[in-house]
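Below, subunit A partners subunit B and then partners subunit C, in two separate complexes.
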Partner chain A sequence: MTLEEIITRLGLTPLTSPRPAASIVPSAGYASDLFSCVMAGAQHGNLWITLQAHANIIAIAALLELSAIIITENAQPDAATLQKASEQGVTLLSTRLSNYEIAGRLWEMGLR
Partner chain B sequence: MNHYRADLHVHSVLSPCAEVEMIPPLIVQAALEHGLNLIAITDRNASENAAAVLQAAAGSGLTVLPGMETQSREDVHLLCLFETLEALQAWQQQINQALPCLPNRPEYFGEQFVVDSSGEFIRREERLLLTATRFSVEEIFEQASALGGLVIPAHVDRPANGLLTTLGVVSPAWQAAAFEISRHLSPDQARRRFPSLQPYPLIQNGDVHSLEQFLGSLWFEMEHPTLKEIRLALQGADERRFGVNIP
Partner chain C sequence: MSSLQELQGRKGRPITDQDAREISRVEELSYDLKIYETMTREVKTVQPNSTMQNVLEILRTGRISGAPVTEGTRLVGIVSIEDLVRALEQNNVNAPISDYMSRNVVSIAEYEPVVRAIETFSKYRVGRLPVVDENGSLTGIITKGDITRGILTALQKDYKEEELRRYRASHLFEDITSERTSLILRYTIRAGDYATGGQASSHIKRALLRLGAPPQLARQCGIAIYEAEMNLVIHTTHGGVIRVQIEPHRILMQTTDDGPGIANVQLAQQAGWSTAPQEARDMGFGAGMGLVNMRHCVDKLEIESAAGKGTKLLMEILLRPEEQFKNDPPKPEPNSGG
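Moving on to the complex of A and B:
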């Protein structure tokens, strides 16, 4: 399943001009708001679900080469964070839904 | 130059997580008994008891700095210390706008008592203090500093509400004067575990929630027990110094 399909089916709003979403295939999902857990638990290519919009999400996504970050509950990264995301090629997606609902829907869609 | 033994992270009965014994006269007495001559009162997202502790300490030889432990929207705790009660009150006004209007549930979170300098009950704080403000870490650095405050991320090594667990690494953009480590490790251990702390001064406080928790490992050599002097000591400027005694 490509990132493009996920964006369409969940109605996610891209916050960065994404890398070609049709060519990105997330390996699985990971949900946590504690960065130490993400650094220890998320795997290469994972789609990260979090309600944190702090600038440090970009460093973690770049370090772990995550496929994209879904920022939940309409949390908004600031302009500097968006700029940093574009520079580092990190795809940020926004939704009003919660971590719980996004994770549930991705699981149902077969991202496991 | 004078020597100060300090604990800059002390809660009173206004913090729901503090013991009911944390009233102004007992805080002053316990701090002095632990050999301290400088403390800061840092209740969670609140400050109304700071004036009472300053008053209780008057003439005792203990200096009390007004402060607050502010919780960012990322759930990070930051000590915000101020030179005057007026500056702290100005910060409190901003925090009042930034806290959600939720009622405290004392049976779950603990009581939040406002008291006078003798420890007598004045009122209950009804608002939930044990929660996040809507300010980001960056906004707390900027806005508290604009009021002359000194912002120090608290117990950065702790799994709950510590900066490094929550946000992973230190951002140079904060231009932090220092970081606080918990009582569970030494500055050297902290720098080894968290390399992004390496360029920064590290202080250690007791995060005092009960009278026996005063730590006193932090010392300063400076002219006066003021925030201005603490800033110089953290930089090692003008012959001021600070350090953490390892037990």
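Moving on to the complex of A and C:
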């Protein structure tokens, strides 16, 4: 399942898309707002679901080579965060849904 | 075209560091790249006194939609497919080009950066521009396609340079003969600077990749040093220093700070224990997993700390044979007998 399909089916809003979403195939997902948990638990190529929207999420996604970040509950990253995301090739997506709902929908879609 | 307007607005004042960060490589290239570097030099031109019939043939054989009109080398007009259609409608293909050509030609100087051509394209809604030198002589023609090609070539060059850097760096250990080669990277981390927190870790990870480290190893070091870096940002009074020592057989990562120190080192290493301030917790830090994560990524972890003094953290990763950086140990000298 490509990121493009996920974006369409969940109605996500791309905030940055440095790489074409059709070429990204997330390996699975990981949901947490605690960075150390993400560091320990998220796997290469995972889609990360979080409520956090500040610049540090970019460093984490880049270090772990995550496929994209879904920022939930309409949390808005600032301009510097968006800039950093584009520079580091990190795809940022936004949704009004909660971590719980997004994770549930992705699980239902078969991203496990 | 908002970025373009932004660029125009920037014209005439010095670029600040902030601006420089916001300029993408493509925008930068549109300033660096000059028209003469990317224009097409072989231009089909016509003379004002030759006929529109002639234009028809040139456009057809050259598969182009317009041609500059020159007198000698001087640009005097441009004749396009629209002009030709007008001549055909009026059944007047034997008329001289000067009857149909446009005389108000927008041209561009060859030493201008390509960003000026992009601006001119959108201002006059044209897709091609004749290029002239300082004497007004035609030297070429530039289209959007030429600019795209020029920028792609330049980006390709950038990419090759990164490959080359990687190639050179990966030979560093091989090219230097010594009993014990080591490369030391040092970074100063500011306390409370969440905005740039994580930057040193990214640099370290990139350095390891350039040196030819396997991606998994670079990632592992990246995670360990990220946790240590954020500890300096979150917990220290005056920040601290990261020092990474890369040797062919191991990677040594060290952070030092001058306070406040850890009261109970044993407790600090327990999963879930955290003394992070509320500010850090609100941002998603302070799960109390930092040291636990570091320990998972490295072979050895040592903490030296005392409350009121400072903390020294040492992490070591021993490289497996297939991970090791290639080294060139000195050959034993033949015994000179002296």
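Simple rule for what comes next: the second predicted complex is superposed on the first by the 111 of 112 C-alpha atoms of A that agree within 3 Å, B and C clash if a C-alpha of one lies under 4 Å from a C-alpha of the other, contacts with A are read in each partner's own complex, and residues count from 1 in each chain.
The rule is simple: a contact is a pair of C-beta atoms (placed from the backbone, for glycine too) under 8 Å apart; a residue touches a chain by one contact, two chains touch by 3 or more.
Please read these numbers as outputs of a predicted model, since none were measured by experiment.
**Student:** Identify which of subunit B and subunit C touches the larger number of residues of subunit A.
**Tutor:** The partner making contact with more of subunit A's residues is C.
**Student:** Given the touch rule stated above, what does A:E4 touch, subunit B (first), subunit C (second), both, or neither?
**Tutor:** neither
**Student:** Of the partners subunit B and subunit C, which touch A:H54 in the superposed model: first, second, both, neither?
**Tutor:** Both partners, subunit B and subunit C.
**Student:** Answer with first, second, both or neither: which of subunit B and subunit C does A:Q83 touch in the superposed model?
**Tutor:** A:Q83 contacts subunit C only, not subunit B.
**Student:** Counting only touches as set out at the top, which of subunit B and subunit C does A:E101 meet: first, second, both, neither?
**Tutor:** A:E101 sits against neither subunit B nor subunit C.
**Student:** Using the superposition on chain A described above, determine whether A:S36 touches subunit B (first), subunit C (second), both, or neither.
**Tutor:** In the superposition, A:S36 touches subunit B and subunit C alike.
**Student:** Based on the superposed arrangement, let me know which partner A:E73 touches: subunit B (first), subunit C (second), both, or neither?
**Tutor:** In the superposition, A:E73 contacts neither subunit B nor subunit C.
**Student:** After superposition on the shared chain, which partner residues are touched by A:L64: those of subunit B (first), subunit C (second), both, or neither?
**Tutor:** In the superposed model, A:L64 contacts subunit C only, not subunit B.
**Student:** Looking at subunit A, which of its residues have contacts with both subunit B and subunit C?
**Tutor:** Touching subunit B and subunit C on subunit A: residues 33-36, 39, 52, 54-56, 59-60.
**Student:** For subunit B, which residues count as touching subunit A in their complex?
**Tutor:** Residue list for subunit B touching subunit A: 74-75, 136-138, 159, 164-169, 171.
**Student:** With touch defined as at the start, can you tell me which subunit A residues reach subunit C in the complex?
**Tutor:** Touching subunit C: residues 33-37, 39-40, 44, 50, 52, 54-60, 62-65, 80, 83, 86, 88 of subunit A.
**Student:** Which residues of subunit A touch subunit B once you look at their complex with the stated criterion?
**Tutor:** 33-36, 38-39, 52, 54-56, 59-60, 78
**Student:** Considering only the defined contacts, which subunit C positions touch subunit A in the complex?
**Tutor:** 21-22, 24, 194-195, 197-199, 201-202, 205, 219, 222-223, 226-227, 230, 283-285, 287-290, 292-293, 296
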